[in-house]
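Next come two complexes, and both contain chain A; in the first it sits with chain B, in the second with chain C.
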Partner chain A sequence: MIDKYSALEKLGLYTAIGIFLTFMLLPFVEMLLASLRPLTHLFRSPYQFWSDDMSLQAYSDIWVTVPKLPRYIFNSVFLASMTTLICMVFVVPAAYAYARFQFRGKAVSLALFLAVNMFAGAVLLIPLYKLLRGMGLLNTYWAMIIPGAAFLVPTGIYLLKSFLEKIPKELEEAAFVDGASRLYTLRRVILPLAVPGLIVVGVYSFIGAYAQQFLFAITFNQKRDYMPLPAGIFEFIGYQEVIWNQMMAASIIGILPVLFIFLFLQKFLMAGLTAGAVKS
Partner chain B sequence: MQLLRRLMPRKGLHSTKFFAWALIAPAAAYMCLIVAWPLVETIRLSFTNSGLGIEDYVGFANYEKLLSSRKFPDTIGRTFYWMFLSVGLKLILGLIGASLLAANLKGKAAFRVLVMPPWIVPIAIGCIGWLWLYNGHFGILSGVLQNLGIIDGPFEFLAYKNSAFYSAIVTDVWIGTPMITIFLLAAIQNVPRDLYEAAYIDGASRWYRFRRITMPQIMPMFASMALLSAIWTFNSFEIIWILTEGGPRGGTTTLIVDTYKTAIANYKYGQGATRAVLIVAILAVFSLLYLWLVNKVNKKYGDEK
Partner chain C sequence: MATVALQNISKSFDDTQVLNNINLSIEDREFIVFVGPSGCGKTTLLRIIAGLEEASEGQIIIDGEDVSSAHPVDRGISMVFQSYALYPHLSVFENIAFPLRVAKVPEAELNQRVEHAANILQLTNRLQHKPGQLSGGQRQRVAIGRSIVRNPKVFLFDEPLSNLDAALRGDMRVELASLHQDLNATMIYVTHDQVEAMTMADKIVVINGGNVEQFGTPMELYHHPETQFVAGFIGQPNMNFISSTRTASTATNCSIKADGIGALTLPVSSCVGKEGDSLCLGIRPEDLSLTSSGQGFEMQVKVLERLGGSAIAYGTINSQVSGEQSFKAVLPGDVQVSPGQHIHLQVNPDKCHLFTSQGDAMHRLKAEV
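This part shows the complex of A and B:
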């Protein structure tokens, strides 16, 4: 009863959702349409929504215009994967400690971790640049991975912690009684049970790492061979003209990896992200 | 728990405390290296004239120069306007979106997935889409406005100070809204159903139930989203940089963009660091205010449960 809507209410709700989703998806629709048109058509005024000269030509031309495009796409996926991996290496032990143990300084240190969210990479660029230069890491993959992973660690700890807290303590106690060491328990008892949580944090980190490659890439890396796609895509902007249709085609391709991961794991991700957050 | 405690020796290398800190240490060291040390270094640099090849202590000269510069009041004002307007819009849209997606309609699962793309797609690529939309000659926005007869000729959204600023706001809102929507949606779904049923039986209207049950119940989540979003929006760099690089004529230069321009584009590390310190100080004050506010909110709404 309470969830029943009259026909009029339904119409209103669907219309409102339609407007909302239009705002969210309009840029993608436009990108797709632009990518399907020949460049000369794009400069034709007035605006047309549909035309019969659409083709997939741009999708084959992009590899010629920007020969390094496959490399950029590989770099993007590689950087995001490595960033995720490194992030997890730091997140898992720390999250376990916060989920299971009581110790002095727990609340304060956790708060300090979360305070890291206050700093965007852009604020700390100058010393980070010097730091990476000092370590000889400028213009390498590491220059983008190390700072990228750091800013994902605090939220990762927080998300995984709320997952681990839900695993019954009795399991660890049983393992202890059987004489297992602490690290063995963490590895063989807790982690297998925490797989859904690990997936959520992993996907969260991957999406974050994939989305935020631009800043570190344009600041810490000059080598084209290491550029991720979000930075490399600006090569379609030439001195004379912008090759819009191809830039859009490359953008669509750049979206695909993260879109696939998201679509496969979205059930996990949505439930997981919000479960951790709602509880607190 | 009793058992666990008895099994764990409490002193020395094997104490719980030691083990816990050993697990946290790598992450903590990492944060010190990438966040804490750079922060200290930024503060130090802000008192120097550091640039290409030089670095001398100059005291508060950078601060004096920044505070007395002609553009500074504009930049600060613009930054706060940017933050409040953008965060306000994100929260309103997020709340509307979450309420809509919470409605028990056919297709709601699909709607929830369709909201997400702006959030999961690389920011730079989303911005390229908007660059295209804002294009005067072939973008859809200019085209539709012309068809409707609102404007006479092609309109370049990013070519004028005001329109560039509001265009950047729209893009920022577009990127920031999905996350707020999804988290508020989760909070709405977490509200105990019997509250609604009791109100429904008492004849409360939908609007009344939203105002008196939903809103108070999701207030803690709403407050956290407001703070996180405010911090991210204040520091929102990539969107502005890709759309306008802070232009035209400084029309979209917020504090973070100014920091980048000064330090990275013009190699004035010292003066850039001064701006970075200012950002950190503002955000710290902001966060403390927020924590104080959340405390009050929790007291008001948390105790009623």
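This part shows the complex of A and C:
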């Protein structure tokens, strides 16, 4: 298929992309610039896009203002990793079952999973709070991991299911004829071929877990030692003033792990998705 | 190695009857080909023998043992799939070794058996490659290698050559036939290509609409097709069918008037019925010969395919029923005929086939076999 656009159409397309990107990226640019400015100059008028007094001072000050910052960063990564791990443990067998078996209630349960996704986490905060209190899990890491994983499993199942369905059934039949059990086939044949799909689901879960932990952290956890970074950033809000530049610096550091994972895996994802296309 | 017997096998998916009371008995070391048009149930039958599909009714007996509900490995079968079903992430070695790894065969024996299979199939210098790096014919051989490494009693092939180009298919036919001689195994082979069936089979099973139309050696099927379907399916190019009416019959012959050809008396038995019955005359294109004008019947040639040694003429003959009827004839390779020309053909009644209006063949008394 060859698409040819006139110069006017191209201009329109690029303008639209430009506006879209500006809206998407401008907050990040402002965040970076704010982190580089001295606090006293933040609200300077007239607005200056670039000034000579910019420095990395805030990036060294944050560790003094909030001494527990390394702990918060660790918590964030730890919580997201554990959530992803638990999510995968449930998603892989469930997605395989949905992709390959016929059973009663298959369509209904899949629809229910989607319905769960329609509720924003906030709606379920109070019931979840009561549930976690009943189980004695409040103020533990589990209080942030379990709800996080529960919200990510349904979409994970959907993503991996559609990926597994693309793996030819004949491969499994061949393994079956050769005497392999379902689990052996899953381990030796299906999962190695599903690696690109597993990475997609893993990245999706990690980023999702990283983003949603804030809500669960401020609701289900009071212990400062267990707080993830988004909640820890609150400590930059003082009684008298908000240390905006340091807050922005800490936020950028908080985004970095996700950014790295994304940049590193994006290349791999593209390669993986084409290499995994099973030619039968 | 093994005999295979199918007893009253039926299969239906929901309300659709796919196989209808199939009975077959396959001798030890035979090369059996299931052939039929697509959707006739031949692949389903193979999958039932493999144990990938369960028969709705009936038993599968391998080597005298009822294996109807046994696991494929316990049946002693192995299968080569139409798409080869190679594991793309494993090397050729690991692909071939897969059944042995499942069976936890010791490393030394495993190596030796894979090497042996690779030797037979000329894959020795490809063992470390991935399937994606191989040509179609090599992938085919890896799939066969994976099936022979386990020393099964029965080999099952599901249209294994249909993904190959014509030249390679011819080579692989010969390789498979010689592999059958080397391995001395019972093989069951599914194809829709009657050329593969004729060239490779010890015995052919023609399947149509879930029923076995006929089971016999290739030449039995060629000379004595039991039904009009088998007659039309076996033989290349396929048989001409001419509507005819019975004029007289005795115990050993049947006189007919064939539309566009004229009166013929065929040496067939069991030609019971009365005058005026409508019958169907079958003439193989290769049983026709050219004659001088004024003799035989006339055919108008529309397309002439020259194959070198012979030429196939496609055209029409006059018909009282439909004006003209399509007709094929095999002519000598260097025949001086051009499209549009009329030629005169004659046919030896001994070589003709005769079918009732139900499609059942009458037994030919002067056939070669």
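Everything that follows uses one rule, which is that the second predicted complex is superposed on the first by the 249 of 280 C-alpha atoms of A that agree within 3 Å, B and C clash if a C-alpha of one lies under 4 Å from a C-alpha of the other, contacts with A are read in each partner's own complex, and residues count from 1 in each chain.
We adopt the following convention: a residue touches a chain if its C-beta (ideal position, glycine included) is under 8 Å from a C-beta of that chain, and two chains touch if they have at least 3 such contacts.
Keep in mind that this is a model prediction, so the values were computed, not measured.
Q: So, A:255: does it touch chain B (first), chain C (second), both, or neither?
A: First partner only, chain B.
Q: Identify the partner contact of A:173: answer first if only chain B is touched, second if only chain C is, both if each is, neither if none is.
A: Both partners.
Q: Have a look at where A:138 lands relative to chain B and chain C in the superposition and call it first, second, both or neither.
A: Touch status of A:138: no partner.
Q: For A:117, decide between first (touching chain B), second (touching chain C), both and neither.
A: In the superposed model, A:117 contacts chain B only, not chain C.
Q: Which holds for A:184: it touches chain B only (first), chain C only (second), both, or neither?
A: A:184: touches chain C, not chain B.
Q: Contacts for A:193 in the overlay, against chain B (first) and chain C (second): which applies, first, second, both or neither?
A: A:193 contacts chain C only, not chain B.
Q: Considering only touches as defined above, state whether A:58 meets chain B (first), chain C (second), both or neither.
A: After superposition on chain A, A:58 lies in contact with neither partner.
Q: Based on the superposed arrangement, let me know which partner A:152 touches: chain B (first), chain C (second), both, or neither?
A: The answer is neither, since A:152 touches no partner chain.
Q: Between chain B and chain C, pick out the one touching the greater number of residues of chain A.
A: In the superposed model, B touches more residues of chain A.
Q: Just which bits of chain A does chain B share with chain C as contact spots?
A: Shared contact residues on chain A (touching chain B in one complex, chain C in the other): 173, 176-177, 278.
Q: Can you tell me which positions in chain A touch chain C when the two form their complex?
A: Touch residues, chain A against chain C: 168, 170-171, 173-180, 184, 188-189, 192-193, 278-280.
Q: Would you mind writing out the residues of chain C in touch with chain A in their complex?
A: Contacts found on chain C: 50-52, 71-73, 77-79, 81-85, 87-89, 98-99, 101-103, 132, 146, 150.
Q: For chain B, which residues are in contact with chain A within the complex?
A: 1, 3-4, 7-8, 16-17, 19-21, 23-24, 26-28, 30-31, 33-35, 37-39, 41-42, 45, 93, 96-97, 100-101, 103-105, 111-126, 128-130, 132-133, 137-140, 142-144, 146-147, 154, 174, 177-178, 182-183, 185-187, 190, 196-197, 200, 221, 224, 228, 231-232, 235, 237-238, 242, 256, 259-260, 263-264, 269, 272-273, 276, 279-280, 283-284, 287
Q: Which residues of chain A touch chain B once you look at their complex with the stated criterion?
A: Interface residues on chain A, with respect to chain B: 1-3, 5, 10, 13-14, 16-17, 20-21, 23-28, 30-31, 34, 42-47, 76, 89-91, 93-94, 96-98, 100-104, 106, 109, 112-113, 115-120, 122-131, 146-147, 150-151, 153-154, 157, 169, 172-173, 176-177, 182, 207, 210-215, 219, 229-231, 233, 244, 247-248, 251, 254-255, 258-259, 262-263, 266, 270, 273-275, 277-278.
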